[in-house]
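I've put the structures underneath this note.
The following pair of complexes shares a single chain, chain A, combined with chain B in the former and chain C in the latter.
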Partner chain A sequence: MLVATLLLLAHGPAEGDEAVAELSRDDAQWVMPAKNYASTRFSGLDQIDIENVGDLQLVWTFSTGLTPGHEAAPLVVGDTMYVVTPFPNILYALDTRDGSLRWAYEPEPERASQGVACCDVVNRGAAYFDGKIFYNTLDNHTVAVDAETGEEVWKTRLGSINRGETMTMAPLVVKGKVLVGNSGGEMGVRGWLTALDAGTGEIAWRAYSTGPDSDVLIGDDFEPFYPQDREPDLGVLTWPPGRWEIGGGTVWGWISYDPELDLIYYGTANPGPWNHNQRLGDNKWTSSIFARNPDTGMARWAYQWGPHDLYDYDGVNENILIDLEIDGAERKVLVRPERNGHMYVLDRVTGEVLSAEPYEYITVTRGIDLETGRPIEVEEKEPRENEVMREICPAAPGAKDWQPSAFSPRTGLIYVPHQHLCMDMKAVETSYIAGTPFVGAEVEMYAGPGGYRGEYMAWDPVQGEKVWAIEENFPVWSGTVVTAGDVAFYGTMDRWFKAVDARSGELLWQFRTGSGIIGQPITYLGPDGRQYVAILAGVGGWAGAVVSAGLDTSVPFGALGFVGAMTDLPEHTAAGGTLYVFALPEQGPAQ
Partner chain B sequence: MLVATLLLLAHGPAEGDEAVAELSRDDAQWVMPAKNYASTRFSGLDQIDIENVGDLQLVWTFSTGLTPGHEAAPLVVGDTMYVVTPFPNILYALDTRDGSLRWAYEPEPERASQGVACCDVVNRGAAYFDGKIFYNTLDNHTVAVDAETGEEVWKTRLGSINRGETMTMAPLVVKGKVLVGNSGGEMGVRGWLTALDAGTGEIAWRAYSTGPDSDVLIGDDFEPFYPQDREPDLGVLTWPPGRWEIGGGTVWGWISYDPELDLIYYGTANPGPWNHNQRLGDNKWTSSIFARNPDTGMARWAYQWGPHDLYDYDGVNENILIDLEIDGAERKVLVRPERNGHMYVLDRVTGEVLSAEPYEYITVTRGIDLETGRPIEVEEKEPRENEVMREICPAAPGAKDWQPSAFSPRTGLIYVPHQHLCMDMKAVETSYIAGTPFVGAEVEMYAGPGGYRGEYMAWDPVQGEKVWAIEENFPVWSGTVVTAGDVAFYGTMDRWFKAVDARSGELLWQFRTGSGIIGQPITYLGPDGRQYVAILAGVGGWAGAVVSAGLDTSVPFGALGFVGAMTDLPEHTAAGGTLYVFALPEQGPAQ
Partner chain C sequence: MIARTPLAALGVIGATAVVAALAGPASAAGRELRVCADPNNLPFSNQEGEGFENRIAELVAEELDAELSYTWWAQRRGFIRNTLNAGACDVVMGVPAGYELVETTAAYYRSAYVYVYRADRGLDLRSIQDPRLRELRIGVHLIGDDGANPPPAHALGAQGIVDNVVGYMIYGDYREPNPPARVIEAVAVGDLDVAAVWGPFGGYFAKHAPVPLAAVPITDTAAFAPLRFEFGMAMGVRKDDRALLEELNEIVERRREDIHALLDEYGVPRVAPGAFEEREAP
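What follows is the complex of A and B.
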């Protein structure tokens, strides 16, 4: 019998860090984007279960007053809920008792930053540490806000919109360092992860995704699993001369942390431009994953999901850190539903790919070669310049994009919201002009086989197989949470917030929200000891920009080709950010 | 024992008109803004009552994707709900079963119209008649939309933003004519009511509020009650030469209709400019009420609430048509909570003022002289140029503004959401430039005695007294509805939707909405036979422009002086339009 157990984080870090790790184990609160450092998005709360979830009702709501896509997970610290909005990146502090507004912090990012964001002006959330809330603004600042008063503690500028940079990801705080990355892979931005001192906002280190080893923070400790990755300066030598400087590899997804190994894990985005003919070589370290020491930023290992990426398969997805019994041995693994349609299980100590089974319909690869770690590409699907290549599956957003999965140690399953899309793609020559799009591709997306565009599935990472799946009309662009009540929650772009049985996938309850959902659900205990579930509705993001940005549905190339797959979304939902908080009925009438 | 009975509408009109009157008596639906021609906003539904209203829960929601103030009442016709938004005045058709979007009609009003709207870009709703939905766009068009398909049937332009005109009111359809009026009293607009043929959109007649009798549609049938109102051409002669052409008297409030008397009733807004020194005379027929024949538009009677208005007391409030037993005789009356703080009871046959008791704190008048019908003004409160006159109560929005009251024939009480504000005012000389503000006053508002800013009260129109009242921190800027379950609903600007006992005022239930509420609640039966209650949240309007328009709270003169009274509103709510639909729990778990 194979058993999956949740990694328990145990030893080592500084006092504040230990405190936040402790907080992350307290199911009453939700203090970091993925609930815990292992990024399981699993809550031990079980008041709401498969028997009673059908009675769930809405307790209070809060409008953000904003219409871009709302992708953030709220945080709950004590009796305060923190909500970060899309541009202009307001931080609201709400009383969890009744949703009263305690304060709002308004960083007022530069308006021009909206013009360089590729795919709606989203923000993916905040992190709590040591009395402060940390998050990023679209105009490349990381801010620290006093969690009690809403006063700004510090604000550090990390990039420049003039180079096309923006910041949209949610930070992770590890050992007193705030870890943040940049966005802008479609603008010729050079990607990086930066660590800031949580107390002062000073930059501690910055690790670039491309360039010489000194910039990538590759040194003597670097021991990647695959031999081809061990050469020096691959971040320069796998590029045409100078191209690495405008080569993408941005860091706008998720970071995990293993305190025992003392390693952080995060992925890098696609190389730029999309037109691969303009960047011969493996384009390291784009579409890759790094394991790094959080104190120094120095890389321990790296692995490239997509050497010389052809289809905009960013490698930024979530890394779920769990221990699995595989072939009779307990392995410390990292599970990753990758954009290229494969569910990777990596040894997180070494970076070895243990398995990589397809979980979606794929036409462009014939699996992953476990000897070399490289995808086996279908050569006739390689885009050529000025020629439309058809039936590329998955499409550019991949089989799964940013929307993070969850893992339940009770069921041993990974819960994955994702999409089911293919695309036609024409590569075209493009030139780099700082701060402008650097894509070189015309894309049109459409539903994959069967005509549906999204799926919510449960995956067994040990057996490497899909256990159950729910087809959805639209891409499932929301995050998900799974609980000890064996209930999994997710949202749809056509305005349903759903609760399903984590073992069977049976739909147990659904609620019609005001706008489509691309946010991340959380669950927590209120001051009254009851379990609550919260979700931001507010359609948008890359998938929903047709609504949130009011794009012309007759131009399928809009939103980097996503509009073509979503022309009917405006018939289902308008935009508008609203937080919904649900609970079971109280004993006696509500007041 | 005094008895109040609801006027039952009985005879006369054309077939389609009879059909809509019939529909207005069907409590399953809500086909005109005020529920019925008598404007009682009373529903005979009683599934939700004082015993079970505490169990009310949210069933579905819908985001409009817009952040200006949402003042409209939804309509329900059959199993479709129609929601008109503020600018850009989208009409959404929703399936009442689960809130699915059926279609959206987008008239795309001129963007520049936003610049000439005085007080947020609100819209107060639509009316149904003969298979069509009728409403106004901010850029002065009345549109007719096929209720089934969402296709535009006709669209008629009625005014010009270049003259400062906009349209924000909800139409009423009477005898096949769509009755609509204009806004813009703060821009030197000349007010009018216009009747359009419901089938074709052609203009049938237009009655101006100022000017010669031929323009005002005053003829041989005109029989005002008070002798001073019977002179010819008062719309010219009570003004300095030519000033009536830019003198206001716009028609942006409510229209009622008595089919038996075959008279429509509606009010006219303040004279312009606010600086009264620039317009000596009574300024007829601003701040007045007209009773007119709906076929011809010809006036039967008129009465001026505010001759030579000093304080921006528009006369546009709702007219509730009921029959009351007064001094032993059954009288056909019109009850009107007026901006000047008096609750008027008029004989709606003749226009005689039967009573006018104060319902708010008033410093600027000492009552209404029932001999002459004129307010008895406190002369020392008359604003002089370049001098700040303090403690003017009520403030410019009056004791009650646009937010419509309800009347229950079961309790005999009028339910009035209103405000409790005073102001300081300085009159300053102003010049008329077409399409620009023409106000001539600097105003700063603040809470009235006791420090609260709003009130929801029940008033006995026969005894002429307040029965109970609930003080609210902010102006109660929402409408209200009262039901045969003896429950009254209203909303607050700090995000509470409340149900109170219609007899005692006891708070029975409240729900925390996402944004503050300035919409109008309705109730109806769903296809499943259950009673539902719907309300649009989305703070804004004149009172909430500080949030919806993001005004600077350090400038109290903003929003024509309203900002000064609302500097703390942003601490309580953000903007954002969301429809909320509530019902009692179903038997068994919800699905």
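What follows is the complex of A and C.
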């Protein structure tokens, strides 16, 4: 019956865009990593609730046989589950009835791309639209695969590993366009978001994050909220001459879409690869948020939350689109737990910052000036080359990295997996790249105050305050999902998949997985009408590279300084990707 | 002669291709000297064996009575992890002395960052604090590792010399021969007045440029410590490989003159040991 419904949706009158929006509202399925265009990662399913979640049982598993970090969210369309692996980016189609393998699609990306990726060869997932599965390969291809047969429909190359580009983000499909962005800011890559025609794979438009307005797709419709953002060609003029050409601002995180306002929202990464005293100025539009028209790519507004980034805060985090009552008025907002430790609540119509309360321990700023939208920086914490800079908090991965949050309309709370790390920086490490010796920044990360390294918290975006928080030993590098059963799921790097009470944070159930979890949980209905929960385990990523890449724990500045904070991770987990699917015990007589 | 052979770079950045026996007949003992090297980065090494590190590897193989074999891997982030520490080879021919990821031999040469400019410009540029640097169009390499770049990029920025500085990614486009060489080519054709680059690049490409170029060590750098403009260069082995380390140290000692003659052939500028030398000793 469910399959019939799906076919009707996919081939009936509500074809294409309407259909995928419809599918995203169907809690039986999970057709995009964020569950829906608003990126709430909220499921209306309530069979599993706070009373019975303690009875969850393992139903089936699937091994990917791979050891890099597994960050992807599985998709469920009808009775098929789709799983994208890290490099070599294999797409598996599994029967949700029993986990049987239907087919596997292997794009065979260039082996050399592994040497280009900065921080483990991860992939953050796929998206479904109009009978096809879309995702990116590490070697800069977007592929479209027939969801039924596993046949490749098209494959478009968007960048070059020879120039340092890779692709790791999950696409979003909006109005027949597959939206994808690039990674590699440290390699001198200029960031972009590109729209591909979902039917043909042809490039419809490309919006750069730096450079002249004609490249950034800023035109007459551009109405940023803050006056300092209204001058022409700021993507050129806020840099020393020519710096924008290799200015970073890559787009490797999340995209949201508001069908009513017809705007997409996404963030850009930090500026690179210049040392900061060689890139004087605000370095627009790095560390910024864009609102764009999905048909043309033209920008409606932009807001730079991190002018002239000093700490490697890649602003690619998720944008949760919700409507909140703020000061007595209904506001259409975009909520974003930012790298710099502030929870930004923006008016998503105008780009105005309504509030930006700290949710983490912060030493580098003294809050956000709501008049200008700019952070109030602590000057003593500005990195200086001849000094050891101590207690820079949050550390380079920020208070929260790529791992996406969830929002429950039932509790009004945002559920945020994040880290609790500070760092010291000093310029003493002798480094060597491509024949050139140089003195690099030795970055050493460590647990923030209290000695724990991660936290899973519930945040009230109206009051601007933390409601409850669970301290975790390691950074919480997994995604999360919250359900109408008022249960929130997340995973830890020390191998626990956890279910907590969405209202109190009380731990209700946990399961020990084979490897640490940095994937994104999902929930769906099986063909038998039962609610299932799925998670891909397999530690790695930037935080877990000490395990997945076997880094030397005696070199604390490995993985850009992350190793120092994670030397004990190998005592808790080994690498290896496995999908786990859970459900409540079947009703009726025992079999 | 600068190699102009275009490499099938896509397959080469991370490929593990073993090319055996560049060093003549196999030894009776069957010993193998396994070297990891960049297949596309003169003057250091390339897949054709044309770099000075290739030549020094041949010299070492000869001394050890071993057969020389290579694993090719672009020398980028993860190079040591994916090659030496993965057991693909036993030695890398060039790393800074004291490089923490490996055990390093005694330095077999010491070089400095240099200015490279056209000889016909009559610039006579030496100091990193020369006031003319505010006017000249200066090329530097960029690495972008946590915002860390080669010392000239930092020292110029610290003096507020920014607008006339042009960045070239050290990684370049790997499909082209010797990707880091683009900055020197820009000097030769006049797009830049001067390049501030690591000595071996500067000396070698200056020597092989179509127009005469000068390569002059940069001076007056002490004010920018802990930035360093001079580095001793050594061979690297795995941290527990004491036996090979001792053999290599002995060869470095015994064949120092031959090695230096080789470096002269490649135009590698060298400087006398300075204040950092002791710290670099293994």
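The criterion applied here is as follows: the second predicted complex is superposed on the first by the 553 of 591 C-alpha atoms of A that agree within 3 Å, B and C clash if a C-alpha of one lies under 4 Å from a C-alpha of the other, contacts with A are read in each partner's own complex, and residues count from 1 in each chain.
Quick note on the criterion: a contact is a pair of C-beta atoms (placed from the backbone, for glycine too) under 8 Å apart; a residue touches a chain by one contact, two chains touch by 3 or more.
These numbers were taken from a predicted model, which means no experiment stands behind them.
When the two structures are aligned on the shared chain, A:His572 is found in touch with chain B, with no touch to chain C.
Looking at the shared chain after the overlay, A:Tyr92 reaches chain B, while chain C stays out of its contact range. After overlaying the two complexes on the shared chain, residue contacts for A:Gly491 are found with neither chain B nor chain C.
Contacts of A:Thr436 after superposition: chain C is touched, whereas chain B is not reached. By the touch criterion defined above, A:Trp103 reaches chain B but does not reach chain C.
Look at A:Thr61: by the touch rule set out above, it reaches chain B but stays clear of chain C. Residues 110-116, 118, 160-164, 185-188, 240-243, 246, 272-278, 280, 312, 383, 385-386, 396, 425, 427-441, 443, 549-552, 555, 560-561 of chain A are the ones that touch chain C when the two sit in their complex.
On the chain B side of its complex with chain A, the touching residues are 54-67, 90, 92, 98-101, 103-104, 495, 509-515, 537-538, 547, 570-580, 585, 589-591. Within the complex formed with chain A, the chain C residues making contact are 9-15, 38, 41, 44, 73-78, 81-82, 85, 94-96, 98-101, 141-151, 153-154, 156-158, 162-163, 165-167, 169-171, 173-175, 179-180, 197-198, 200-201, 224-228, 231, 233.
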